[in-house]
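One chain, subunit A, appears in both complexes that follow, with subunit B as partner in the first and subunit C in the second.
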Partner chain A sequence: MSSRRKVLLKVIILGDSGNQYKATIGADFLTKEVMVDDRLVTMQIWDTAGQERFQSLGVAFYRGADCCVLVFDVTMPNTFKTLDSWRDEFLIQASPRDPENFPFVVIGNKIDLDNRATVAKNALAQESEADNYNEFPTAITLNKQENTNSKGGCSC
Partner chain B sequence: MSSKAFDLVSTLERSILLADIRGKHALPSANPVDIVCFDCCTKNLFIGTTNGFIIHYIIDERKTAERVIFKSHLQGKKAVAKKPLQLVKYVPTADQVIILVDGTICVFDTTRFDLSPSHERFKNVQTFCVNENKEGGSPFGQQVCIASRKRHIQLYNITAEKWIHIRDIGLPELPRIVSMDSSTVCVALQTKYVCVNVETSKLTELFAYDNEADTPFVKRVAPGEFFLGGPSDLGIFATVSGVSQRPPIQLKSGTFSLAFSSPYIVSLNSEFVVVYNALNQQQKQALQFQRGVSLQEQSDRVFVASAQDIYALVPVPWQKQVDGLLLEHKVEEALKLAEVSYRNSGLSQSQFNEINNVILQKAGFIEFSLYNFDEAGQYLKTGGVDLREVISLFPGLLSVDSQFTRSRPPLHDFADVNQITKGNLEKSEDCTAWLVRFLESVRCKMSEKKDVHTALMKLYAEKRPSDLLRLLQSGYQGHHSDTVDTLQTFGRFHALAVYYQQARELDKSFTIWSRLVNKEIEDESFDPLGLSYFSDVLCKTTDATLLLNYAPVVLEKDPVIGAQMFTKRFDSGIQDKRLNPESTIEFLTRFPEALTYYLEHLVLSANQQVESFHSHLAMVYLDNLFSAKQLNNKVLIESLRKKLQSFLRQSDKYSVSLILGRVERDDWLLPEAAILHGKAGNDSAALEILVNELKDYKGAESFCVNQSANKTTTIERQRLFETLLHLYLSKSKDNERMRVYVIDLLNNPKAVFNAAKVAELIPDDWSIALLSKFMLNSVRSSLHDGRQARIASQLAYWDYFLANKDYLSLRSTTISLTDNKRCESCHQLFKESAFVRQADGRVVHISCAKT
Partner chain C sequence: MAALDPIQEKVVYSVTHTYIKVKNGSNKEEYIYGTLLMLEKPDGCHIEWREDPTHVDAVNDSWDFINADAVSFTYSNSAAELTDITPTAARTEGSCRMINQQKFHNPINFHVDNLRSFKRMKGKLVKNSCIMFILDCGTSHPPIYFPKGGVTDKFLHHLGKKVIITQSATDGNRFLVSPHQQEALESSFDALNLFADQGSALSRFAADPVRGTFTAFAKVSKLLTNTLVASEDKNSVPPEICDQLRISVEENETDFSAIHSTQPEDPDFLFIDEKAQLPEVEKKPRGEPLKRAVWEKFFDAEGRVTNPEELKQIIYRGGVSHDLRSEVWKFLLSFYSWDSTTREREEFRKTKVGDNNERLHQLNDILMTFVMYDFNLGYVQGMSDLLSPLLLVMENEVDTFWCFVGFMNLLHSNFEMDQEGMKLQLNQLNQIVQVADGQLYSYLDDHESSNMYFAFRWLLIVFKREFFMDDIMSLWEVFWTGLPCKNYQLVIATALLCQCKGDIIENQFGFNEILKYINDRSGDIVLSELLIQSEALAEQLITCTNLPSYVRKIISPGSQSSATQPSPDRKPARPTSSPRKRTAES
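Here is the complex of A and B:
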């Protein structure tokens, strides 16, 4: 049955979390099954550890990824600025077949703390207007998610 | 700590090993002999020791009901080196054991049980591995990969006869550990892991590790997948293409040997054997294990060697694991485990559901034994438990002839609930209360209905009689004799009667109710219902015989309620020969009060115009009156008389002669006789009684007024009043006071007299003054009548005149009937000359005029 055919979709989540509330050890991992055009797609979501001692693992974790989600903290402008380096890091380590067209999704997290987000908003506006994000060849989803946390914010 | 996944079972004991090495009578040596490495394949176990021995055992495995026992049989031992053996690998296809000792590989021929002299020795070897996945390779050979102490690995294909060198592959660093799967060798280099494709010699870098802080290991876990030691004791899965497809597992520090037994990763460090679940990355089990050497998986079990002895980690049957989890209340985990185990064993969904349900049921019983009633109920319900399984925990609740036997294998170990409560009354009450709630909340299957209903009935009968009736009245299917016995034992007679009623055994149920009514037996639940309930039930029964049999019980207790049974039946229009009004009246004769009520209902409320009913009622009234008279109860007599008189006056249907015959026998019933005479039209007789016997002048007057309303002509009315006048006058001769009555009568505006006749009747000696008012009224009314008559006559004449005029004018006009003239009623042509002209001028056929 075609509808039962399982498709695995590996999604990597990258980015600095503003306030470190819990450091990821190795990788946090969750799966979510979604129906896409009659096919059951199992999304395998890897939230990898950003700490230096686990940096070497990136290559194994990133490889075979179908999508990369870059997450920043809307209350911390710096987390947005470092997305560039995360993207580069990903492309180097995962070395996807077609790096020019690899799908990235950018998510602004913690929008529920919007009252503190003015600085980030300005930064975001400047960055996206001015420079390199316009050069992104892939479609950028500036997913200013209505949902208040990143769990619901994933979309590819 | 979750329940166990493995049991640790001794496979080769230290004492046996030592005895085998040194011979039976050898003295304890100063140098301890320890195990350094081992390999096992099917039943063969090869051990390498510190003193350079290789020892071969056959391991026999025996399964008892409880556990697995291993027995080792020494096959041979041989000193092959002076130094400790580093690694032994048995290659069954080539009957060889490959031994690594002091950086040299030598080949041990198992058939000759000695080192094979024909094979060259390989020097400068770091380590080696055997291809663990031969897919695609030669079926006769076995590939071996040797990691040399230089920067390359060497690949050989080995058979019993020879080792064939295939190729060398260069590496960027010195190899430390190798593991081979099909055409890929995964190598732990000095600082990183790489995958080498032996066919293309292509290197895929996996990831780097810290060679000072981390202990590297490479463990093949599945076709094309390895488990590698990463930074901070993180175990990382990687496929041959370098992709990590499973989340990493946090291991204990210093882990150096691994084994995989789906879905568990078993790890060994210097102190522990730790089991992880690869599905949720959680630690499943940890066993203290000192001086561990290495792990080897063999079919579904894992062997673990310490320096001293060898154990097997025997997987605990998943059912047992599930049971263990259930005991720890980890129902979710138990279900998941069952799911994994069953998916692996390839069972169908329906079979799996069955297993799932059994687990839920077991969980339910365990929760129940811990008094976690909510959980218990939920699990048992979701698991679709056979309700009888639950009921059977409570002794004596199943129906006496229940065919139920508990399921095999058992879902729990409890004989009954007493074993759980250990005689604690309060707890046992709680359990019973839960059972009631549980049974009430679950829809039972057909097969269970009998036992469930019986059980509920027993529970209700004992504790909650209030719910008993609801149960019995809503499709109750419990065991018959059990039900009867229980209800009798607990004195639930009313419920028993209801049960019989539901079972269509009306006779039995009525007997019980009549005994309850007569207080022969007691049941508090019946008391508030009492007689009216019983009468209602009787009233609704369709069986007339039963009604007549049991009605006397009610009638004796309360005639009105008793009579109402019959009146209600009459009103509801149930047709039944045996209970038509005539036979009912006959039946009720024994119960006068009820009969009165019934007849009154028929005659007065239901307005039945049947002579016999009316006569009968009158007779009954009379009977009642007579009996009251005998008792000399004046108040009663008064009220009964009023009733009788009003009935006699109002009803026209009774047989006057019959009643009169009865009434005339007694003088004190003269007023009634008067009414009856009046009814019979015998006005003078009635008036005579009223005036002469009763001297009830007012009554007489009103009698006349009433009677005159029934008369059609004035002459008759006059005659009636004249009769009364006559009676008065005949009495007034010797009684002056009668004159007053005479004058009153004459002056009564409702009285009708012919003045001329009255004038004749009035004695001559009466003064005009007395009669003046009457005379005046008479003259006035005569004048009035005369004038009225004249007006009427004139009006009639005028009518006549007008009619005559119309007649004349009509006669003077002509109507022409032509051929094409049509009837104004049927619109057909006139065929003959005869026609009708109607009052409104329409000309129609004669036939049409008739219709």
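Here is the complex of A and C:
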């Protein structure tokens, strides 16, 4: 049996979700094991309640996070515009040791809804140039899956 | 990625026709059949459960139709005989699926190094033997039920060759797992002799239940003593200070500031634990649900409910039979007042229907209506959870809406912007747990969990996500009676937490794992057992002679509480005040 050196990576997912009736209440996470070179990384992917009034509780769950994934819906430009405030909120609440270099990942979800996504994609192209996302160690990924976010789409 | 060539996996052992329970579209229990596998992969041994595509549509008790002879066990010791598993369409995404949007179960597929413990139930206690895996991240997979007559022993025997298995001293069904340091040591497992006919604690128990039980109790009390002694040492407060504090508490119960300032972070709950000795009480079995014949006896000639308190007592003890719910819930949720006559109620309903009928159609419409009705609150996540069972029971949207209004009156502060209601409840839960189980409290406190955040979902929507539909209806009926004390939801939460105590402590879970473990209890809690324990705990708290006054305030009527009972006096005869005005009052 090969030795399994394990590394835990705590990832927080943030962003506006649509009006879903089965929203996460409190917080929950899923784990996924990924081999990175010769290291076995256990990703602990956290989802917290999205509504503003529940955010004060989120603090406890952000603690010890190694990475934050900001997700928007390409069919709803507003969900992209709010990413800034999600990021700021996270930095304030989680207060990571090195906020300048804290890794964020941006994911655009639902690009398979092509007809509706076009406008948002243009907006995204413009905004990411105009905005200062490049100052952050940030990757932008577009994700095809609709309504699920547990698999794929994560490239840090 | 960890994706491996399927050819590289070898089946060490497999059990077919196992099943897990999930919720189907109407929130009812459904079985999914599959195969439990122990696989040898290049990185070591994995346990996996794969859904059997031929059984996907099997529902309910269809197991009984499956011939027990068809059950097959295949395993092989020699490498030459190892079987390859052919990859099938069904396993591309593992056995993970969403069943009509209701219950998502994580794929059961893990390396044995990630296994922290497992629980095994043998026949008799449950219909079929089952095994439940708990991982080091706190994930607890749903119990995997073995086919009728199937035994878990052989599977566990093979597992024992891969990891070290230790039986819990406090719970004979729990087995703690630790990885082998070197090669698999068969001897360690054999030395434990868990599954042999003679010598195991379980078989000893079966042979001599009385002695077995007392032996087990002796172990528990020893463990408790050790833990208490240990935690006392850790706290290291000189005895004279303890005495002084105790005196100050006894003399002047309002003088808590003194205690808090002595130990600002951790208000010396230990003294209070020692002080409040909960009395022993007998656990009472649950009662019969309220039946129509009994219900009808409660009405006088004009249709008034003659003795609502007695009626609530019946509902508290046994719930309501389903065909009566749409009638009884209207009273419980203060849509109808108990002393209204049949005629008044009919008139009352007409006014409500007249006002709102056009706007009420579906769940969405009801929520939209509520948003307009309670404009300051708006729509808050979790409200739809509260609404859906009401919609299912009531005949129409209007009744549903007004019952929902009644339910929201009980839980209003849970949803308010400042979240003060939730913070208060989590704080109160903390205080009750301290009194109910000092050992559990100490553990939670040592593991960053005395904030009780893991109970947020329980309390926000009164356990809605933790139970199947039938059970949540029964639980809510009990809750709506307002019996046996204020804030009964906190007593239920404490009892539920006590059920989880063994798993949390013995698996040595921390903040993250406790949250995950608590979330994973969803669909796996036996309601009747929980209510029996909650009732007993409530009685213990109520009858405790030296209960700290701040705890008594939580459960006593008239106290400040987050879930307040609606006024029973709201008469249907004068209901037509405008919705906005009522909101302003509340």
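Methods note: the second predicted complex is superposed on the first by the 130 of 156 C-alpha atoms of A that agree within 3 Å, B and C clash if a C-alpha of one lies under 4 Å from a C-alpha of the other, contacts with A are read in each partner's own complex, and residues count from 1 in each chain.
Please note the rule applied: contacts are C-beta pairs under 8 Å (C-beta built on N, C-alpha and C of every residue); 3 or more make two chains touch, one makes a residue touch a chain.
Model, not experiment: these values are computed from the prediction.
Of the two partner chains, neither subunit B nor subunit C is touched by A:Asp37. Residue contacts after overlaying the shared chain place A:Asp98 against neither subunit B nor subunit C.
Of the two partners subunit B and subunit C, more subunit A residues are in touch with C. By the touch criterion stated above, A:Ala27 is placed in contact with subunit B and with subunit C alike. For the contact definition in use here, the residues of subunit A common to its subunit B contact set and its subunit C contact set are 25-29, 44, 53-54, 56-57, 60-61.
Every residue of subunit C that touches subunit A in the complex is listed here, in rising order: 1-2, 42-45, 93, 101, 106, 111, 113, 135, 137, 139, 363, 380-382, 384-385, 415-419, 422, 451, 453-454, 456-457, 460-461, 465, 511-512, 515-516, 519.
Chain contact summary for the complex, subunit A toward subunit B: residues 8, 10, 25-29, 44, 46, 53-54, 56-61, 63-64. By the touch rule above, subunit B contacts subunit A in their complex via residues 192, 205-209, 230-232, 234, 236, 238, 241-245, 247-248, 250, 281. Across the complex, subunit C is touched by residues 1-2, 4, 6, 21-23, 25-31, 33-35, 40, 42, 44, 49-51, 53-54, 56-57, 60-61, 151 of subunit A.
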